[in-house]
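Note that the chains are named A, B and C in the order they appear, and that numbering of residues resets to 1 at the start of each chain.
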Amino acid sequence: MHPTDFTIRGALEALGEGIVTSEALTAAHLEAIEALNPRLNAFVTVTAERAMEAARASDRRRANGVARPLDGVPLAIKDLFCTEGTRTTAASRILGDFVPPYESTVTANLLRDGAVFLGKANLDEFAMGSSNATSAFGEVENPWKRGNDDGTRLVPGGSSGGSAAAVAARLAMGATATDTGGSIRQPAAFCGIAGMKPTYGRCSRWGVVAFASSLDTPGPVARTVEDCAILLGSMAGHDPRDATSADRPVPDFAAACARGVRGLRIGVPREYRLEGMPDEIEALWQQGLAWLRAEGAEIVDISLPHTKYALPTYYIVAPAEASSNLARYDGVRFGRRVEGGDLKDLYERTRAAGFGAEVKRRIMIGTYVLSAGYYDAYYVRAQRVRALIKRDFDEAFRSVDAIVTPATPSAAFAAGEKQDDPVAMYLNDVFTVTANLAGIPGLAVPAGFDRQGLPLGLQVLGRDFDEETVFAVGTAIEHAAKLTAVPQVRAFA
Amino acid sequence: MSLDLKTVRRVASLARLHLEEGEDARLQAELNGILGWIEQLQAVDVSGVEPLAGAGGTAMPMRDDVVADGGRAEAVLANAPDRAGEFFSVPKVVE
Amino acid sequence: MSYTIEGQTGPWELVIGLEVHAQVTSQAKLFSGAATAFGAAPNSQVSFVDAGFPGMLPVINRECVAQAVRTGLGLNAQVNPWSRFDRKNYFYADLPQGYQISQFAHPIVGTGVVTVELSDGSVKEIGITRLHLEQDAGKSIHDQHPTKSYIDLNRSGVALMEIVSEPDMRSPEEAGAYLTKLRQILRYLGTCDGNMEEGSLRADVNVSVRKSGEAFRTRCEVKNVNSIRFVMQAVEAEARRQIEVWESGGTVEQETRLFDTVRGETRSMRSKEDAHDYRYFPDPDLPPLVIDPAWIEELRAGLPELPDARRARYVNEFGLSAYDASVLVAEKETAAFYEEVAAGRDPKVAANWVMGDFFAMLNRLGKGIEDSPVSARHLGALLDLIADRTLSGKMAKEVLEAMGETGKPPGTIVEERGLRQVTDTGAIEAAVDAILAANPDKVAQYREKPTLFGWFVGQVMKAMKGQGNPALVNEVLKAKLDA
């Protein structure tokens, strides 16, 4: 077994037993990055020296008997998290060589717990996208290949495509990610790994470059559900610097994974059965429910009647907030500047050159739906529908403990597909976006493969701040699925 | 509701996005596609439903009135594309 | 008779409303921990939140909320237990986030009322529409470089209260009186220092004109007027301009204007080519501002006595005239000074001395009450020396002058100068006898011409080097002359 094959749980045990050092783990991951990143493009910045220093410091702590909960575990950090002294780009040209003078709360929490940062992971520009194709640093390749055609480059999903690809290809043991409409769960599903979007407010947004503030949710991706639970345990916690951060204790998520599902009521929303959805996805969904029933859960049909309105609601709310959040990129205090005749010209040229097409599209939509005369028809109406979507979940969770759905309506698609029609691309988030609008936790867990051998995931949704049940259900699916396949492109393959 | 070219240009100006030749027409088509799809929300009965602004807490936490920040002009200015001493610098603004 | 301006077509009424921006008195900014002090080095009081850095988030300052609640209570206004912050989106060099966090749809304070006193003695109630909290912007400096503007973000994020009045004012005097009163209330409350030179208090003045009995006509907003005198001048100048427009057959366009204090006229702001569309929406970084009613009551209980109540007390309890009471309460420092002087003494005498000789002395010295060389304690001691007849009124004036010059307490000056009033009847009788004996002709004339009495008083006082108690001197002289 190669050091890059460890799960986080396995690595922590091996480190604890002295079987391996963080220095060796980190060096192996850096070596893998050097070998594969030129192809996968999962990292936009690799901080090899800092990582090795951190690894050696971690080994010293362990030797001194003061190891911390995540001590020595090498991680990738989505390049949306500000990292003090390390360039942070949001995969946008507009940030230029911005070097934050501060560390995001989530990454600071991971550093506090001893994690080692390998570098900054690629993503869709400002986390806007579902294929990692909008990055100013180029596309990321999904390490999985179609069984019958290994020449086709597949997308890793987005926006956390770099994080998911890096973890799937074993360039990192886990990674931070963010989820605004599915940006953790969809790439996790496409890359055959687990990804957890916790409850809104569970992880601080302080120091995370904002896309849509009322939806943005930091969370982990890792190769097992338990690893996600371990990472989330470190990332989460109340932060007085974020007024939307929840002031409540962080439970032992990892312990909750082993709870089992006996006696739990699992909801199956009929509205998630989409017309034209591949039958393999329907089959996988039924298989997942059968596994849970076999483990003692009760399967209950439920209705979430406003589901079909979630995506259009999202495409009003998210661009509206984004249009305002991205106003600060104006070439004055940081980032790229393109000179102009006067200040307005400077703004317009800076922003035209600095933002990519998808970001501009969303800024335009967001500006339009907030503008005079349209605000009520679009934005306020979307907020009312959002309230109805939340209400649907509140009702459902009165009778069920968790909800299980497919994570995505398809397996990973080829690079270049769905690029022409923005709406077709947006439909990738059809199963995931509801959780963001409602604020509830959602987990993508690998559960099977399509006929071409590409990973497919199921999604587990839970009540506000009940990540523990979500982890328990996810773990039960994961254990029942007993997946052993690995991506074709991976470290030391 | 469908956007005309004039509105596309006005929105771009509000958003401070310079449009290249022909970009307005391309954006017009894309935005109308998206807005047409969003239009389905008009079918939802939202009467009597209070708008939900965010998924966060229901009351604002407050901090104490203590000076705990500032005093680091250099760090604030360090990333500036153009600065003049302790100031940020922009093309002259006529009021 | 109400105020009007006479045009070619007859008299015009004025309709005036004020939007006042008052800087909240607090240590730190509204949403960050950076300091608010005036006059610091550029960008030295800036947090990454104030500079709009990526990923930075606002967290509200409890004291700024408390100050807004106190102000609402001081304006007899309703405090809203649920309010919300919105983003006002626009691009400007000194607006780092690209939006101002403000309260558009749901302000923290609703309708209230301010009572103003006018020069003719009448009082008028001016309605308050709302008060909301918002962030100040930074400062653009245009005169340092020929082609560049420089940006200082020290003010960026400082808490402001925007206090909006109803269009209830009808003359420049009423506008001035309202702003004066509002400033007075804020200063009493300690929620804004009212310093207009430093920009802590600025007013946007909405003016329209109309013929008697008409509905409102189009108004114009004169931005950022920074003194009470300029507000009054701007009202009149803008009203005259509008009257001219209407009377020449034109139409007043709703617009934002600036007051040119040198020329005494308003002019259109140039930056109007870009029609404003602020795209307000609820700030998703901030949950609603929910205020516990118990906290409001706690803040209400801690409010200081406000000018109206204090003036009423001076009239009712101290027996001061309405005018004197108004003068004394105008500035809270003056009122505090007066109350210290009056404590345990005759409040009317104290008022006469504070408003008379003491103010005259400050005027002469060109000083304010804050840096007065004579403390309230010393002035009180001087009044005690009059009360116990150590000093005559005239001597006390002399002592006060010396106090102003030296800063010494009155007792010391009395000792040093030997200024002790003679109240010994024997000494006074002796002096009177000597004067009467030396001037038999005057005594004879006095029988015919009693007005000569004053001459005798003068002679006696002169002989006693001014230290004779005037009342006793009068009494003894009268007795002896009329004997």
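Here, a contact is a pair of C-beta atoms (placed from the backbone, for glycine too) under 8 Å apart; a residue touches a chain by one contact, two chains touch by 3 or more.
Values in this document were obtained by computation on a predicted structure and should not be read as measured data.
Taking the mean of all protein C-alpha atoms as the reference point, the chain centroid lying nearest to it belongs to B. When C-beta pairs in contact are tallied for every pair of chains, the largest tally goes to A-B.
Distance from the chain A centre to the chain B centre is 24 Å, each centre being the mean of its Cα atoms.
Distance between chain centres (mean CA atoms), chain B to chain C: 41 Å.
Centre to centre, using the average C-alpha position, chain A and chain C are separated by 58 Å. Each of residues 98, 101, 213-214, 240, 243-244, 323, 327, 330, 332-334, 343-344, 347, 367, 371 in chain A touches at least two other chains. Residue numbers of chain C whose C-beta contacts span two or more other chains: 48, 51, 59-60, 91, 93, 149, 151, 274, 277, 279, 284, 286-287. Across the assembly, chain B contributes 13-14, 16, 53-54, 56-57, 60-61, 63, 76, 88, 90-93 as residues in contact with two or more other chains. Looking at the complex, you find that chain B touches chain A at residues 1, 3, 7-8, 11-20, 27, 30-31, 33-35, 37-42, 44, 46, 49-57, 60-61, 63, 72, 75-76, 78-82, 88, 90-93.
Every residue of chain C that touches chain B in the complex is listed here, in rising order: 26-28, 32-35, 41-49, 51, 59-65, 84, 91, 93, 140-142, 144-153, 269-271, 274, 277, 279, 282, 284, 286-290. Every residue of chain A that touches chain C in the complex is listed here, in rising order: 81-82, 88, 90, 95, 98, 100-102, 104, 205-210, 212-214, 240-244, 320-321, 323-324, 326-328, 330, 332-334, 343-344, 347, 367, 370-372, 375, 379.
Chain B makes touch with chain C in their complex at residues 13-14, 16, 53-54, 56-71, 73, 76-77, 84-95.
For chain A in complex with chain B, the residues that touch the partner chain are 96, 98-99, 101, 200-201, 213-215, 240, 243-244, 246-247, 306, 308-309, 312-313, 315-316, 323, 327, 330-337, 339-349, 351-352, 355, 360-361, 363-365, 367-368, 371, 374, 377-378, 380-388, 390, 421-423, 436-439.
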